[in-house]
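Consider the two complexes below, in which chain A is the common component and chain B and chain C are the respective partners.
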Partner chain A sequence: MAKAIGADRLGDFYTNGKVRKRREWRGLADTMYDYSRWLFIMLTLGKFIIKPRNVKAMFRYRWMANYLAVPMMVDRHTQGLRQEYLRIAHIEQDLVVEDVAKLLDSLFRGDRRIGNDKEFSKKVVLVDENEMTAVMMGFPTLKGLSRETVSSYIPVLLNQKAACHYIDVAQEFGLAGDVCPMPEMEAGVSIDDDAPVLGACAIQCNTTCDGSLLGNGVISKRLELEDGIPCFQLAAPLRHREDDVQEYAAQEIRNAIAFIEKHTGEKWDWKYYFECAKRVNFSTAQRLSWLEMSKTDYPQVFGSNLALYTETNYMAICGKVPAFVKADKKISALAERAFRAKKRAAREYRHRAIVWGVQSHFYMDFLVWLLNCWGIVPLTDMLSMVSTKVIAEEDTPENREQAYYDMAWLTENMIMRNRTHGGYKVLLDELWEFCEQFNADMVILWEHMSCKALDGLHGQFEEMSRARGIHLVWVGHDLFDPRVISRQGVRDQVNNYMRTVFREEPIDPSLEILPDEDSW
Partner chain B sequence: MCKVKKLLVKLLLVLLALFAVTFTVYFFNLDMKLTAAIEPLLQKHYDRIERDTHI
Partner chain C sequence: MKDLKHLIYFEHLLQDAENQLIKEARHDGKICVAYTCENIPEPLLNLPGAFSARLRAPRTGSMEMSTYYMTSFLCEYSRALLERAIEGGFNFADCIITPDGCTMMNRAVENMELLKTMGKDKPKFFFQYMEIPMKADDNGLNLYVLQCKNHILKPLSENYGLDVSDAAIRKAVAEHNEVCRLIREIGDFRKEERPRITGYEFHIITLATYVAPKYLIVDKLRETLEELKTREPEEKAYRARVVVTGSEIDDVDYIKLVEDCGAYVCADRFCLGSIPGRNPIELKDDEDALTQVCRHYMYSCQCPRMMNMEKMLGRRALVNQLAKDYKADGIIYEQIKFCDPWAYERMLGSHILHDDYGYPVLSVDRPYCIGTSGQMRTRIQAFVESIEIKNIQGGGK
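Moving on, here comes the complex of A and B:
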């Protein structure tokens, strides 16, 4: 039990079971702060579960059981943190928790099986989990809700085994075992009759990969033919940096908006769109300032918290929720204070790493482990390196036309797909530019074995890292499925490299091998 | 005045007791230990639900 950063043996908190022995003592002030945030999360969960319809949903949907692990997810992402870093992580995590609770509540309100609020359901547009919600920036009276976010994406963050049941269901019905387990799980939820049914219409997209087409095919059949919910397929171009695809991309946005207007009876609101655009630009500016700090010896906003927060704020929120602007401001204020005081988040920084590729979703807090166990600072990650373009934010006739191109740009440059699509320039070449900008001496390269777009460049990554003298550590995994490579299997790939190539000893040896096979 | 004082003392004791209980739950991770025990029961319940499972 220690106040000082890095004084605890963090591995000692692990048990062979689902949960940890106890929470950390971080010194009086930080423990009381963490305790107050825990109370806030319990209150958020309490407010959610007090509604009878949410209790009903808890007993209807299998994936809801994973939400029992919400406080533990926050603990995992705040492990070892003190002072400003603890507060930054809580601002990010707690807001995401609150936002997801609201999303669940809205879904169950309109769900035909649960709340069955028909008037509310008419105002709902279903969106994909991996989809920019830019096309909803001009519909203040509509709700863009993602069923897949709450049934697939979040559950795996909460419980590493959350996807297993649904992957098995999908494969029982003949879906291939070597596709990405994320859309496979989403398809499994639909096949298993475990998705809320609501909405006036749905917008699906191709923004992730060919795997998302697999999932969308299965899901849209049920939505359209059985539930009577019409679907629009938003197909963003692959080579998104090319000028000649932009008109097509903008037209897809116009078509999606017209589809939503037709099925909801609502009209696009330019005033609201430009309000949202201002917030998008504000968040981009804050993210850029955090990345600038990460180029120095004193990075402040980095690791899994940066990744999770950016994913939520950039993709799912996309300027529509003012609370995220407030959170951005608070995070920036804390980061600047710690930066001025030359503070560090861990006892020792040994290596500066760019984390690239698609992260193992069942082990999102791996980046916290990298820092605490080996002193590897995950300066930034592929998912956080999204668009930094300033979009038009003043309501003028020219900007109304430009807005379609801006929404198209955001959609094309959705998290992950802005790198996995677009060719070797965005996936391979820009990595080395980032290494130089961030003065990184190593790359942690996630190799999601079902992500063929990334795996295809394996040899070229190796060649180019060798030529530049940058240490490249491959970390293989199967995204949503810990049965293929476990969390310890993920850690061992780093442990082996650190011991055999660098010949280093871990900063916290208790973290090197952990009994978390059965952990949430 | 005396009644107000007594009420304040009672309120303080209640708040202290609440703090003691919730902090114990927080520090020893009792909330997560409880939910970890509940989860298998829920899984059994989900297995019993009739579903229209098809592709």
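Moving on, here comes the complex of A and C:
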């Protein structure tokens, strides 16, 4: 029980159950701050659940039960943090929580089975979970809502076993067991008819991989043929760095916008678009400044919080919510203060790592563990290394044309997709460039075993890292399914490498083996 | 039935990636354009002075090296190709053109490039990756045309000086259509009550047309067609007629295995089978040939990565139509293990063809080479028996 960073044995908080023994003591000021944020989250949840329709949804949708674990998820991502780092993590996490609560509330409001607000539903455009929502940047009166985010993506962050039922449903229906569990779970939700039904239309997208693309077919079958919600398939080019695909990509955006206009009766609003574009550029600038700090000895904004925040801000928000600009400013102010004071987030920094590949979703807080257990600083990760291009933000005739290309570029470069598609250079060659820029001595390479884009370059990663003298630690997992490789299985891969190759002892030995098989 | 005169000849062409006819064509000074996927318009690789060779890895055994590079989770077709490339088995090629279609195929070719498996001592050798539309519409067509220009015609012209004019494309299409016409006519015999060609024989002949230069194989196809016109069919009827649909079947023994179990493979709807791959391309004079070729490929493509609703529904409707046209009793949906696109299409297709169209459906995944699998044999035998029982009970479809 201590104020100082690294004074606690964090592993001692774990039990064999779903939750920890007790909350962490971080000194009076930090503990009170942390507690106030915990109250804020409880208030957010309380405001959500007080509505009868949301209670009804709790009993209608199996995945809703996972939302009971929201406070625990935030706790997992703030382990060991103090001062500015704790505040940065809370700004990121709490805003994401608030945003998801609003998303859930909106979905249930329009859901034919729950709120059945038909007028509201007519203003809803369904979007994919992993989809860049750039095509919604010019529709201020419409809501782009993602059912997959709340039914699949978030539940696994909250509860490691949330996907298991839906994965089994998809496989019982005949889906091969070797596909990526994320679209597999989404397909399972659809097969189970366990997603809210609402919206004037839906925009699907070929997002990260073949599995995501094909999983959409399962969803659109139910959505369009059974629920009567027309679907547009936005086909973003795969070789997104090539000049000769950009016109096609821009036309796809034009077609998607025309589809939305047709089915909602709303018109594209350029004024609103350019307002959003300004916010996108602002967030990009902030993210770049955080990455610049991470290239020094005093990185400030990094790890799984950055990944989650970037994913939400860059992709789901895409300039549409001013609150994220405010959050960006606060984060930057805190980061700069800590940077000037040469502060560090953990007791000891031993290694500087680039985290690459597709993260284990059921163990998103693994990066916190890396830092606290072994002193490995996750400087940046693949999910956070998205587009840094400045898009046109002034409303001129030329920029209105350019805007289609900008939206196309963002859509092509949505998170994960910008690395899993686009040829080996964006996944392989740029990793080594980042290692150099960030002065990293090791790469933590998530090997999501059913991600074919990553697996397909396995040998190249090995050989090239060896040639460059960079330590490459493979961390295998099955993304949404902890039954294949457990959280401890994930940790052991690092433990073994650190002990046998580096011959190091952990900074916090209590974290090396944790009884969290049954934890949320 | 009496053996087909050229069957062994065709079989031999499939024994090695670099078959006798490829050697002959190269000896004639032709450029060998290797490719890997149905989404590459074949006639554009068969311009005057060039010929196409669809890469296969016959008699694949160990795939240890490619498994190291790509792990055991990538489909065996992509791994088999990489293994063969590392072994030097594709050194006959003068270039390779692949679509960034399925991720696995793309990664296989990228590994070939990174490992410098091909093109040694061939300064003009090139790798090209194409963006292929995932929807069939006007925007997709524009993309397809541009990609073919930039990634097929331009490099072939610049590196090897090939004539890529409209006239050259039309000539290549004419040659392509002649092969297609012959295959279609041969394939139509499968519609007969007592077919005069087995599914296995037809598969051999069709596969051979993808891996051998067309101008060298067309005579044998003509002779085979003539021979079939007077061939006496087998007395004994098959126990069931099935359409086989799914991912590419390179292992000819798979079709043999199905037929050994008593099922007649009356129609083939897989990546590089005859449907739609051997449908002729109808060219008009009032539009450039390249656009027409691309339109043909885009609209006829049955790859599950085509993601618009019309295409998705069309894929299942086509299987239904084939089952009707070829009088099938049942449908076998198959996929190469670890193939993501066909994993989803197989799941949906097998349910829809059964539930909505009323066919008995067998849904299976399989390795690249499976010819002697007892497990698969058992499943197909059981499927055939189930169809027979249904027929006995009067359930029909």
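Just so we're on the same page, the second predicted complex is superposed on the first by the 520 of 520 C-alpha atoms of A that agree within 3 Å, B and C clash if a C-alpha of one lies under 4 Å from a C-alpha of the other, contacts with A are read in each partner's own complex, and residues count from 1 in each chain.
Definition applied: contacts are C-beta pairs under 8 Å (C-beta built on N, C-alpha and C of every residue); 3 or more make two chains touch, one makes a residue touch a chain.
If you're wondering where the values come from, they're calculated on a predicted model, not measured in any experiment.
After superposition onto chain A, the modelled positions of chain B and chain C are compatible, with room for both. Look at A:V218: by the touch rule set out above, it reaches both chain B and chain C. By the touch criterion defined above, A:A65 reaches chain B but does not reach chain C.
In the superposition on chain A, no contact is made by A:S152 with either chain B or chain C. Once chain A of one complex is fitted onto chain A of the other, the partner contacts of A:N130 are absent, as it touches neither chain B nor chain C.
Once the two complexes are overlaid on the shared chain, A:R20 sits against chain B while remaining clear of chain C. Contact comparison for chain A: of chain B and chain C, C touches the greater number of residues. In the superposition on chain A, contact of A:G174 is made with both chain B and chain C. Of the two partner chains placed around the shared chain by superposition, neither chain B nor chain C is touched by A:S384.
Once the two complexes are overlaid on the shared chain, A:W38 sits against chain B while remaining clear of chain C.
Minimum Cα-Cα distance between chain B and chain C in the superposed model: 7 Å.
Common to the chain B-facing and chain C-facing surfaces of chain A are residues 173-174, 218. The residues of chain A lying in touch with chain B in their complex are 17-23, 25, 35, 38-39, 42, 58-60, 62, 65, 68-69, 71-72, 169, 173-174, 191-194, 218, 520. Of all the residues in chain A, the ones that touch chain C in their complex are 170, 173-176, 178-180, 187, 204, 206, 209-211, 213-218, 220-221, 224, 231, 233, 235, 237-239, 242, 244-245, 247-248, 251-252, 255, 420-421, 423-424, 447, 449-450, 452-453, 455-460. Residues 22-23, 26-29, 31-33, 35-36, 38-39, 42-43, 45-46, 49, 51-55 of chain B are the ones that touch chain A when the two sit in their complex.
Partner chain A is touched in their complex by these residues of chain C: 68-71, 73-74, 78, 100, 102-104, 106-108, 110-111, 114, 129, 131, 133-135, 139-140, 142-143, 146-147, 150, 304-305, 307-309, 312, 335, 337-338, 340-341, 343-348, 350-351, 363, 365.
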